[in-house]
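Take a look at the following structure, please.
Order of writing sets the labels: A, B, C and D. Residues in every chain begin at 1.
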């Protein structure tokens, strides 16, 4: 049998396979170069970038929970200018699309960061994080209020000619409402989910484990919630969807595709296994071979309900 | 590097403290003392994350079975504190674990001719054995100051002595060595021409760092922090650099910039 | 040392310790009598009761996920009359408060079920489930819309003189808004959280695993979300709170108390270990002994943030 | 009853099929064939839920070490299909597992003098061995019909024959016994005065139930369903009763009302 066709495209971004690395879990790519072939994966998403460099939260910033982990990194990043100067040149030499994840502390910053990235070679698209639950001004309002989200997305859209992916928060009553608001405002694709807001307590010290008190829950624990939301949004919105949340194996990734995702992102899994993204892409391909499926695209939304 | 290692032995040295030897690829022979590894105790999702451990020893041995040349091993010395280390302590010869190693920045051994002073608190001793071995290989004079709450926390002293290291022990309750903090035993030995390498609980490192500064002695400390990735990507393991302020923050990654730091690089309380 | 004082009270319901069994996970009590001493726990909550007997959803109804499980039982229950006739007599002989969990398919049914329970000996209080995510008419609207919740709670309040606990859904943008709405409408206590809505997919069959497509996620996976919500509500509302979500050990239970809960409910843990509720109460007491804490009540809300 | 059992042996009988013997308390000696147990494969949260297995055998033995009287054991026969059974297959003598047993309703052995017909598909054979033993103890005539995809799926035939059971084997590919479905081999043997006890995949049970009805032979089937509690509390494991309709639903708990049902109690497709 011929090798199956693993390629997919998200809003014009052509990828050799559907496996992308999730923002904040893959550094700026180079950190993982010793562990996998960066040219074996579909796309890389950068750590969330802001206008100014950002120091992030005090420590502890991470804690393990049952089947998951909480993080409150606080969006520490080098800032958009340092990214362009120091990180992008390396990434340009890697033959894999790079998508810049960005956020702003204010509406205007979102626009500003987007415009700095516009026209920049080596950036295949942008992913707007309206959902980060850690920084007071940096996300939670935009991510949970449909009209605020609409404002952000419209503004970013005005400031970019690149494919625009909007990343949704799961901490909402109705994710479909948020998805539609972003679609209406001009998003070219949606990625979901970001982390669920959670908390861990140190019984002995009678204090929250995280200095930030709450953090974002990721990992296999959240997969059922993520699958549900991807399925809900895929039914309601016609944009391509990137499924994220607890993906550890090729089978997990394919389940997200059945639910309606065109591509997936691998986050926490890269901490357990730094070669996870490459392995997952390989496992997906093996599944297709075993089942005689010619193209991975035939699985998108193929769930029978 | 990511590789599967086979457990060769896993022995309880003292209540709750284990020494585990695992196979390693050839490349690990060129690791540096102070570097660490990240170990996945099983391939389930509970516990989810890898666990970091210092390299206690790296060497090579000749397996008894035929057809196999010299094989590199690495060792860790660990204390059972929670879920991961408990599972670890139940592993046997022949079990496989997944490792990332070597990670991080090791100790700068410094120029020859100095007196090397190693200070370990409890299981903080772990990276100092590999260090001592390397220093003794270079023919240096090495002293070890080991501290703990009681005699059960004092590990592998004989092993250090066998290397030719002069050892000093202090315990909080006096059940082994002098009664008191290891820093008290250490203090009179600090003088120009010595160089400190310390690993242990943060309060101890804090005291050692201050003492070193006062005596004008160079001092490296090996730090611990909660880690997710171990490769500088998640930014979960950061520590405040010396010049960190609320306004101009300066965070260092323990996994990538460390775990070994010059004491003056960090902010002490 | 004297044995620590483990007793707590929720809206006048006196309990020997803070450990209750969660609705739907402990049957009608008798199922567990072989595995633990029903008189060793704080209180028992019945399976959700409706006006008429209810058959529940088609099967499969349950599936394991990473660190959790999904259920879509569909609120199968014997109905309020059969409960009173067949199940309550047994429970009356057990010296442990019994709290009836109830729900309605319509607003009126909520009122009707509550009034049938009113004045009934052997029922120490009622817990209103406004949050079940499985049955279209049976919860999700009431549980995610503050004014609908307010209506239900007001009506139930009119129809009962028993302590009224309202159980909140986690599938909302802001649980504090829901908590306040219920408090304003006359709730005497709040229990949280019910399950998070999730989904599992059978890759081979390309179908959802659950016949109902989506189900409620419970177990250790959701504990961080539950702890966060209990903490948020405890800060904002002065009613007593019952913490629920992934409690497996006495330490877990005590963490919920630090976050602000007066009592806790044990759900999924009873499936892993049918004696879980008793064990957890014992582990809590052991912790208090080891730490020289005289009363468990001193831990309520004792988290330092 | 909830108890800790020590694994006594855990042997691979055929690729992917294991037979495991565990210690059990005295009370288990009075369990009935067809009852099952729920086993927690480890004390982690992955896998979370207990796994149900039929009682393959219950008996007693005299431990070799001194000071211990006769000890009850129970056995399960299982197929490795997923995470839980994979972990189970790695257990060794001396490992501990947590059990709930005996659970559910076992087989009604029926009056003496009938011919007892046991029908097992693959690992569905499991509860039939304990049943055959009890029936032979009562001096009954017992025939076993065992089916599977290929010869690797046919287990413990010798053990049944040693009890004095007459055995018939069918495999889909003809690698052992007759080629075809076990139901084809079974059919000619059904006559008034026989009583069927069947366990295996649902399509097989479906066929057996229909055949039994046609022949007017009483038939009990042992069913499987996803389970959480095993004690009738969660209502996760229900099956449609014979009279189930959308309007007047009739669900039975496999864990409490079953796993053994009279075939006419259930709805067949």
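Everything that follows uses one rule, which is that a contact is a pair of C-beta atoms (placed from the backbone, for glycine too) under 8 Å apart; a residue touches a chain by one contact, two chains touch by 3 or more.
Bear in mind that the values here come from a model prediction, so they are computed numbers and not experimental data.
**Student:** Return the chain pair with more inter-chain C-beta contacts, choosing between A-D and A-B.
**Tutor:** Spelling it out, more C-beta pairs touch across A-B than across the other pair.
**Student:** Taking each chain's centre as the mean position of its Cα atoms, how many Å separate chain A from chain D?
**Tutor:** 47
**Student:** Provide the C-alpha centroid distance between chain A and chain B, rounded to the nearest whole angstrom.
**Tutor:** 36
**Student:** Need the CA-centroid distance for the pair chain A / chain C, whole Å please.
**Tutor:** That pair's centroid distance is 34 Å.
**Student:** For chain B and chain D, what's the span in angstrom between their mean Cα positions?
**Tutor:** 53
**Student:** I need the residues of chain B touching at least two other chains; which ones are they?
**Tutor:** Where chain B meets two or more other chains at a single residue, that happens at 45-46.
**Student:** Do you know which chain C residues sit against two or more other chains?
**Tutor:** In chain C, the residues touching two or more other chains are 65-68, 219-220.
**Student:** Think of each chain as a node with edges to the chains it touches; is that a line, ring, star, complete or other?
**Tutor:** Basically all the chains touch each other, so complete.
**Student:** Taking the touch rule as given, give the residues of chain A at its contact with chain C in the complex, in rising order.
**Tutor:** 65-68, 70, 144, 171-174, 196-201, 203, 206-208, 213-215, 217, 219-225, 227-228, 231, 246, 251, 254-255, 258-259, 287, 302-305
**Student:** Any idea which chain D residues touch chain C in the complex?
**Tutor:** 1-2, 40, 45-50, 98, 100, 225-239, 249-251, 256
**Student:** Quick check on the complex: what are the chain A residues that touch chain B?
**Tutor:** Contacts found on chain A: 24-27, 31-32, 34-35, 47, 55-56, 59-69, 71, 73, 76, 219-220, 248, 268, 270-275.
**Student:** Quick one: in the complex, what on chain B touches chain C?
**Tutor:** Touching chain C from chain B are residues 45-46.
**Student:** Which residues of chain C touch chain B in their complex?
**Tutor:** Answer in residue numbers: 66-67.
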